[in-house]
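Please find the structures below.
Each of the two complexes below includes subunit A, the first together with subunit B, the second together with subunit C.
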Partner chain A sequence: MTRIIKYVFYDILRTRFIIFYTAFLLICTFAFFQLDGDFGKVVLSLMNVVLMAVPLVSVVFTTIHFFNSYEFIELMLAQPVNRKVVFLSEYLAVASSLCLAFVAGVGFPFILYGAWQPISTLMMTGIFLTLVFVSLAFFASVLTRDKAKAIGIALLFWFYFSLIYDGLLLWVIYSFSDYPLEKLTLTLIAFNPIDLARIIMLLQLDISALMGYTGAFYKNFFGSNLGILFSGSLLTLWVLWPILFAIRIFNKKDL
Partner chain B sequence: MRIRLILITGILISFFAGNAATLVIGGNQKIKRIKDAISLAQPGDTLLIHPGVYREGNIILEKTLVIKGLDYPVLDGENQFEIFTIHANHVVIEGLKFINTGIANINDLAAIKLLESKYVRILRNQFENTFFGIYLANSAHVWIEENELKSEAEAEYQIGNGIHLWKCNNITINNNIIKGHRDGIYFEFVTNSLITNNHSEGNMRYGLHFMFSNNDEYRNNTFKDNGAGVAVMYTKAVVMVNNNFIHNWGASAYGLLLKDIRDSQVTGNTFAENSVGIFMEGSSRNNIQQNKFYQNGYALKLQASCDDNEITQNNFQQNTFDLVTNGSLVLNKIEANYWDRYEGYDLDKDKTGDVPYRPISMYGTIVERMPEAILLWRSFLVLLLDKAEKAIPVLTPENLMDPAPVMRPYDFN
Partner chain C sequence: MNQVSLELKGGKSYALIGPNGSGKTTLIKSMLGLVVPTTGNILFENVSILNNWKYREKIGYMPQIGRYPENMRIGQLFEMMKNIRKGNPKVDEELIDAFKLYKIFDKPMHALSGGTRQKVSAALAFLFHAPVLILDEPTAGLDPVSVEILKEKIIHEKRMGKLLVITSHILSDLDEIATEMVYMFEGRVQYSNSIETLKRETNESKLNKAIATLIRQRELLESVTE
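Moving on to the complex of A and B:
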């Protein structure tokens, strides 16, 4: 397994995409630091990057990479190796390289500027989102044999979670605003990893946004140990279910 | 003639000075009780209280006396009594420590209660667990300086106000520290008074509560972590300068609540980390100038019932929402402020933006109507909605804008 991971890793490095991605994050972070000396604001700007760009890049890169290494996978499967092992190695290599790129790209400037404190949550949510969307992209990739179609599905995932879902949520809040919605919205949030990540970060940064009775309710929940455990395990669930489904499909799939 | 006058004055002064005696009170002195000393003393005498604990119930003072403590003698109210009740002019109370007054909701028991007195000075005293700390009714020309008031109550009904003034004028409240009371400083029907350099923190209700009190001025005070911030209501001609309103946090907490205020000035203040920086309702002709608003939930809630206010030259930085209102009527002047969200340009380099800034964000309006919607704050969707609204205002009042926002923040320091 480690051997396959190593090969996939080399392959990813050779495409140089990951290096561009790291460079992009580096430049972004440095630019934010240049524009504004205030760490809080830098983290806030980076939050948008983490919530938008990281899932997008993860999704697109993963699907393209999967179909580009289709022949390699076929070759591997011709050997006496377990299908699951091959698939998991692919997953781990892609996910870890994207995570590394993220940590290096965003973390390095912060260390350089000596700001440790504010980024731990940013890092954590960034890594989680990468993992979640790599999982989703693998899931999309095994659903179909057509590369374009797979990218389409993967992009749809991204689009759905970052835009459509929120629209629906807003619509629900709007239509049922006469009822107490705190618990309902809390439940609905759990069905969207991007929203979860955003709220975890908001609680760290933009506390002032969460005001009034409703705000206090959310803050009490997400700020408590139970809330952190809740959101953490939900995100883990979001990493696990797509990849587990993908493995099941991949195991039975006629390549 | 003149020499004689000076001579006479000199004689008179020495006569009075010689006459004013000092009575020493203490556990191992001739006079052991403050009450005895008060009944012995002549007007103008000084009572010097030595360290110790004095449990004398309610002490009533109706003579002009100077009462001084040496190393903070403790006056204990034994959780039953009001400590000093004063009805005399020219009294000085200095360097005492008051603890444990009684708690009563009919009598308003206080550590020092001043009734219809003038020219009184209350200096450098300490108050611990007093129901009301300093209570003034119908008094004038009083100085309250460098006192420290601390209380630890759990609920609002168990505690009175730190410095409570009712129907007074010409009062100076300077350099006091007030913590854990109901209202830090309470003003009702108080005119021509000055509140300076005080620190009011962690009070249950308001740091400063201010009603029907015209022509007052408060400067350089800090109001921090109070249950509901500072309220200034039903008043005209108040000057509020260089105060700090910090971290007044909660569902109905305001840095500064202005309700029915007219012709007043809010200048050079700092509003930081409040749920709402300033909440304005039914107020007119006020000047809000050169203030700093940063990291507030809402920097400014300007209800449509306000008119003719001028909001100019303020810095708005890192607030979640800069401005919200509840209607579409705009009768106030908002100009030349710095908004950190401003995205305009300055082609002619006159340091003022060439396009107006609309400080009301659409999402602020939505959240105002449906508080649950805060959950989507800072999501991509909200970003898009706000941008769309900026381009074509539908929900937000179109003419509420800053026509000439400045490009760089003002440097107020």
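Moving on to the complex of A and C:
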């Protein structure tokens, strides 16, 4: 398995995309530091980048990479190598290189400015979001043989979770505003990894007071150890289910 | 494919023949586990190949259209394959030498012509002394000199008692190489016997004529039964 991961890594490094991605994150983070010296505000600005750009980059890069390495996958499957191993190697190599790029791009400026403490949550959620969307993109890639279609499905996932879902959620809250909705919204949030990440980060930033009663309710829930455990395991579930389904489909796929 | 039942024995060489789209490549791909059958089973040395992968150590495969990582160099590709198949310590680089591939080891795969690509595929298939060789249209796209080199190599391997499965449309090539024939048509095995028997049954001395006669006989039979 490590042998195959090595070759996939080698292939990823050669496309230089990961280097551009790291550079982009570095420039963003440095720019935010230039704009404002307050770490809290830098983290808040970065949060929006993390919530929008990280899933988008993960989704697009993963699908394109998968279809570009189709020949490699085909070649490997005619060799004495387990299908699952080939697929998992692809997943691990893509996910870890994207995570590394994120950690390096965002983490490096913070170390330079001597602020390690406030970004641990940002790092965690960024890594989780990368893993979730790489999983979803792999799932989209095995659903079809057509590259354009796969990218379309993967982008739809991104679009749905970052825009459409929130719209629906707002609509629900607005239409049923006469009823107590705390528990319902809490449940609905569990169905969207980006919302989960957003709330975890907002609560860490201590601006939940701005959100009124609901904010206090969330703070009460997500701030507790149980809440962290809850959101952490939910995000893990979001990483696991798409990739497990993808492996199942891939095992039966004709090449 | 539909109701295919075949038994391939070691030491023999099989010619897989049939019109375009008759399922030859699909049959080969299912033997390799690249295509998973919806029903039925495939046994290799009495062990099912479904969800199994170790058996592929014993197979050398030359695809019809060799698809390789495009930005890899030929040398890197060979290094990688040796690295992936570490179970076979000794490698057979005869074809790399014969095709003079070492001269172009630093060429990237996307710059190769169809024929050179075919040479790379052939060299890879023979690289690991695999006791089973599956060759899908091995001579297509090769120049006459290389065809002769490859044929000699195939005959040499056959003499060493390996199981060969070859598809080709150039029947005169198969006449020299194969001893058994499997004829496929519309996803079914229509005829499977030794070439000697086929020639005797059809009273022909050349394989291409024998097959033409066989097909004509079949068509005649079908028109009668209809």
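By definition in this document, the second predicted complex is superposed on the first by the 249 of 255 C-alpha atoms of A that agree within 3 Å, B and C clash if a C-alpha of one lies under 4 Å from a C-alpha of the other, contacts with A are read in each partner's own complex, and residues count from 1 in each chain.
FYI, contacts are C-beta pairs under 8 Å (C-beta built on N, C-alpha and C of every residue); 3 or more make two chains touch, one makes a residue touch a chain.
Not measured: the values here are computed from a predicted model.
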{"item": "Joint occupancy of subunit A by subunit B and subunit C, clash or fit", "value": "fit"}
{"item": "Touched partner set for A:T185, first subunit B, second subunit C, both or neither", "value": "first"}
{"item": "First, second, both or neither for A:L202, with subunit B first and subunit C second", "value": "first"}
{"item": "Touched partner set for A:M52, first subunit B, second subunit C, both or neither", "value": "first"}
{"item": "Touching partner for A:Y174 - first (subunit B), second (subunit C), both, neither", "value": "first"}
{"item": "First, second, both or neither for A:K252, with subunit B first and subunit C second", "value": "second"}
{"item": "Which partner reaches more residues of subunit A (counting touched residues only), subunit B or subunit C", "value": "B"}
{"item": "Touching partner for A:R14 - first (subunit B), second (subunit C), both, neither", "value": "second"}
{"item": "Nearest-approach distance, in Å, of subunit C Cα atoms to those of subunit B in the combined model", "value": "38"}
{"item": "Subunit B/subunit C common contact set on subunit A", "value": "none"}
{"item": "Sites on subunit A touched by subunit C in the complex", "value": "3-4, 7, 11, 14, 69-72, 74-83, 251-255"}
{"item": "Subunit C residues within the subunit A interface of the complex", "value": "29, 32-36, 51, 53-57, 61, 63, 67-71, 80-81, 83-85, 87"}
{"item": "Of all residues in subunit A, those that touch subunit B in their complex", "value": "38, 40-41, 47-48, 51-52, 162-163, 166-167, 169-170, 173-174, 177, 181-182, 185, 189, 194-195, 198-199, 202, 206, 208-216, 218"}
{"item": "Interface residues, subunit B side, partner subunit A - complex", "value": "250-251, 273, 275-276, 295-298, 318-320, 369-384"}
